[in-house]
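As structure tokens, the structure follows; a few thoughts come after it.
A, B, C and D are the chain letters, set down in written order, and residue numbers restart from 1 in every chain.
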Amino acid sequence: MNTYIKDQLEKFQQENRNRGRLLVSCPDQPGIVSAISQFLFSYQANIIESSQYSTNPEGGVFFIRIEFECPGLKEKAKDMEGQFAAIAEKFSMDWKLTHVYHVKKAAIFVSKELHCLLELLWEWQSGDLMADIALVISNHEEARDAVEGLNIPFYYIPANKDIREQVEEKQLELLKEYEIDLVILARYMQILTPKFVAANPKKIINIHHSFLPAFIGARPYERAHARGVKLIGATSHYVTNDLDEGPIIEQDIARVDHRDDVDNLKKIGRRVERSVLARAVKWHIEDRIIVHQNKTIVF
Amino acid sequence: MNTYIKDQLEKFQQENRNRGRLLVSCPDQPGIVSAISQFLFSYQANIIESSQYSTNPEGGVFFIRIEFECPGLKEKAKDMEGQFAAIAEKFSMDWKLTHVYHVKKAAIFVSKELHCLLELLWEWQSGDLMADIALVISNHEEARDAVEGLNIPFYYIPANKDIREQVEEKQLELLKEYEIDLVILARYMQILTPKFVAANPKKIINIHHSFLPAFIGARPYERAHARGVKLIGATSHYVTNDLDEGPIIEQDIARVDHRDDVDNLKKIGRRVERSVLARAVKWHIEDRIIVHQNKTIVF
Amino acid sequence: MNTYIKDQLEKFQQENRNRGRLLVSCPDQPGIVSAISQFLFSYQANIIESSQYSTNPEGGVFFIRIEFECPGLKEKAKDMEGQFAAIAEKFSMDWKLTHVYHVKKAAIFVSKELHCLLELLWEWQSGDLMADIALVISNHEEARDAVEGLNIPFYYIPANKDIREQVEEKQLELLKEYEIDLVILARYMQILTPKFVAANPKKIINIHHSFLPAFIGARPYERAHARGVKLIGATSHYVTNDLDEGPIIEQDIARVDHRDDVDNLKKIGRRVERSVLARAVKWHIEDRIIVHQNKTIVF
Amino acid sequence: MNTYIKDQLEKFQQENRNRGRLLVSCPDQPGIVSAISQFLFSYQANIIESSQYSTNPEGGVFFIRIEFECPGLKEKAKDMEGQFAAIAEKFSMDWKLTHVYHVKKAAIFVSKELHCLLELLWEWQSGDLMADIALVISNHEEARDAVEGLNIPFYYIPANKDIREQVEEKQLELLKEYEIDLVILARYMQILTPKFVAANPKKIINIHHSFLPAFIGARPYERAHARGVKLIGATSHYVTNDLDEGPIIEQDIARVDHRDDVDNLKKIGRRVERSVLARAVKWHIEDRIIVHQNKTIVF
């Protein structure tokens, strides 16, 4: 990592050393917010941002994300977790408490098309993406210069259908070695096995180059052109074992017209893809996404 | 038609009595624009707006739309058509010459949901839709007040699968009686028979409440909600015998999130549907749309 | 009011008879959310939606809007207000508790251009604007038909600079008679006196036909055309005594280009104006807007 | 220039060796299109794209841009220019004939904020910006690595109010040495003298970080925040001697809300700035912009 980015990350961690986030989901009922906010108050935590949602106020599922500032968070954290467990049990909560100074470690997978990778690196250099981009893995060499130029380790691992298992074994080892929290498929044109997906639940974000569920699968721009659509889009989603069917995180579109041939659609689409993926990654890193059934709640 | 709208239409016709439009498609080759523009110049016509497109400059199909001002157009029209026939033959052109003072006569079909109808009437009242809305046909009574309040004839023709043929017979008679140029399906929830479609080629515009090709068919908002999309859309297209597969004229989308239940999607979608349909109708009325294979060129 | 709309409103009131909203602003400090949520829980109220914001978590101003469902709200309301007063005092809160079944009563002021008025009436008819549009006041007759056609009282009060005081006196009497909560200036082309504004603090919403602060004052489309902008906009804001300088509620824009003359800018702008005003009115009606200094917080 | 980009540019030049563009403006009258298209046909040129506009069909100014494919363009060019001069004289035309294989040479000026520069370099690396970025000039060192990493000459010329003339002298020399066609101010935070501007008429493109004419001058994000706008924007324009008053080429906006502090506005604004500038530069490079009075026609 180069010095400038390292300095920015360290400054960010220092500024956020007392910043925590509490994510909770549980059956809806009166008293949840009261219990959580009393708990936080008992630690002198000040609520900075709070978002909640209920699938149905009468008997649905309740979700909340609270970002708070708590003096001495690091020292209190263990005790807080212990105390909160009792509340969680009472309300049958799924929950997690995260610390903003624990910057997430990301691995980016890429093939030949670099625009999504370059966008993420751009955001990262600008200090707009507060993650530790720990390594880049590619089945091609195109990305090497851009990646190593920023002092990020680059791993070239050729891949194809026939050697999928060996390839993924190497990849999984690297993810383990670098203690990766998040895998970003930035136009990585290989299908992952159920084993790989199962090993990284809700931790793999993909960008698909169409507004799903239109044009699932291969060659979406060619098919969009053939259909004569007036909008093209991109979709970022968590990867599950159903191709392009995972929980959608973010989508966006751009306007096209009859003059745009397939090459133009791709050019225009690249702008959409890169911004959609960048937003999804940022939300994930800020713990803003809760997956519920096959959908996302983005706070 | 009420007096205010009638006055506006007459003023528009008067202002445009010398305004014509020439639409041409033919195999691409050098010399087409030269031939057409010389022809127009020989009638002292001034080109006001001109748009062209070629599917492929080397051996593709060439399309052009020219709007021109020609002193004494009405008197010269017959002669112009005769003269142009020779050029058209030389270049193997499909072509038509339209007169802006021939305001198009439209029939609107609607069921229970009135938002698309109301939008068209709103645009029409504001002088933004220069058509003669000659009649409204519905299989329900909901629209009667709004339509008759503007002195537009309203025909209530109950419809269902079993009596489709009789219903369409009545409808076709009305279209003939009113000399209709354009049928607008403004959320008309009945499927048309191939016979009806064949009788009105490239003359029926529908609004579908999804960004096609996603969610073809029934209940698109329910399915969009189930899939957890972050955008919903609407598509206006010419009707062919393949359900929701006709040439797309216009599409647009709106952003939604996890808080939006199906009812909300419908509410938000209504805004998109009505503006998408209104744009498509306006472009049709201004002879801006050329259908080529299963796509539209919108000039 | 016609029967259909009346039925919709009554249904809405019935469904929301136990729905309340609490809006609070106070100096930020830990414990506020905890105190409020405990208070609500003590009345068995279930929090449905909650949004908060702090100008600065360290020593800034804290704002919160909570929508809740409370069995027997009507009966408990008085007691709740009494109990909450103590909390409010402790935290130096500005606050109000509103009841969703108290549908707000609105007066619309309009001149000759009807598009904003028609949009509001359209939303109202569609059941998307849950207010009681109690009367329309105009200095012209253009709107009468559309308004009386919906059984809304229409008052024609001619106005000009010289008789401003008498005119406003009549208007204020009508506002009093109809117990108006909200005045909507839907392209009402008269300037209001400080006296009128002072009598209706944070209760008058205006639509200005530019993206403020560009093109403050008269003839914004003409000036936008002269400047050659590529975007035109509209701004909805609360009216204060500084012309077009009140707190901005909502803004939007549309894309234009060199071909658009002033008339076209106006046509395109009408679509922006009407949707911007409709959104602002809806947020006001749902108690989503808090004015702080000269800005709005929209929850 | 690195090999990959060089190869792309050469391929582009080879593919477009017969591609020309004709830009014309003159008093409107019948016969212009006819004369131009006959002229092109006489050289066997095929019209690929044609756009025209008239400020007023009756007695206004007429503008046209034609892109054409002409076998042997290079050899015919001189003769064509000679022949066209006669037509031009007859119709009192301003005109130019450009050759697509003459790739424009651009200089980028930048200060400390790199986002606009990085975007242009990104587009350039992706093959989406067909220019020769010949050099980068900066009054700071921040950009050096990114620029030299792509083998583009980087010139560090410290600048401030007091040494403006000497600085510009050096800059003008470099522009001359590199035969620069276009100067791009990619957030260059120095004011240019009338002398510098006069030496480069319609050749300097600036990005201003507000939707002009709102927030002309310094610190637009700070002032946007103070005013509480709900949209922030960026404007790309040709530089004239009136600060931020030159002909607008492109504008765009992004939505913000009360939660966004000044730093956030800047972050969001960076995305808008970089895409607005990139579009303007691309249009300039493709000879799509005609300046008329203080406005642009963008074909």
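We adopt the following convention: a residue touches a chain if its C-beta (ideal position, glycine included) is under 8 Å from a C-beta of that chain, and two chains touch if they have at least 3 such contacts.
Protein names from UniProt, one per chain: A, B, C, D = Formyltetrahydrofolate deformylase.
Note that the coordinates shown come from a computational prediction; the quantities given were computed from them, not determined experimentally.
Asks: If you take the mean of the Cα atoms for each chain, which one ends up farthest from chain C?
Replies: Looking at centroid distances, D is the chain farthest away.
Asks: Taking each chain's centre as its mean C-alpha position, how far apart are chain A and chain B in Å?
Replies: So the centre of chain A lies 43 Å away from the centre of chain B.
Asks: Would you mind pulling out the distance in Å between where the CA atoms of chain A average out and where those of chain C do?
Replies: 37
Asks: Using the touch rule from the top of the page, what residues of chain C touch 2 or more other chains?
Replies: Residues of chain C never touch two or more of the other chains.
Asks: Once you've mapped the touching chain pairs, tell me: line, ring, star, complete or other?
Replies: The chain contacts form a complete graph, every chain touching every other.
Asks: Using the touch definition from the top, list the residues of chain D that touch chain B in their complex.
Replies: Contact set of chain D toward chain B: 28-34, 37-38, 40-41, 44-52, 54, 57, 69.
Asks: Within the complex, which stretch of chain C touches chain B?
Replies: 114-115, 118, 122, 125-126, 128, 149, 267, 270-271, 275
Asks: Quick one: which bits of chain C touch chain D in the complex? Just the residue numbers, please.
Replies: Going by the criterion above, the answer is residues 53, 211-215, 227-231, 233, 247-253, 257-259, 294-298.
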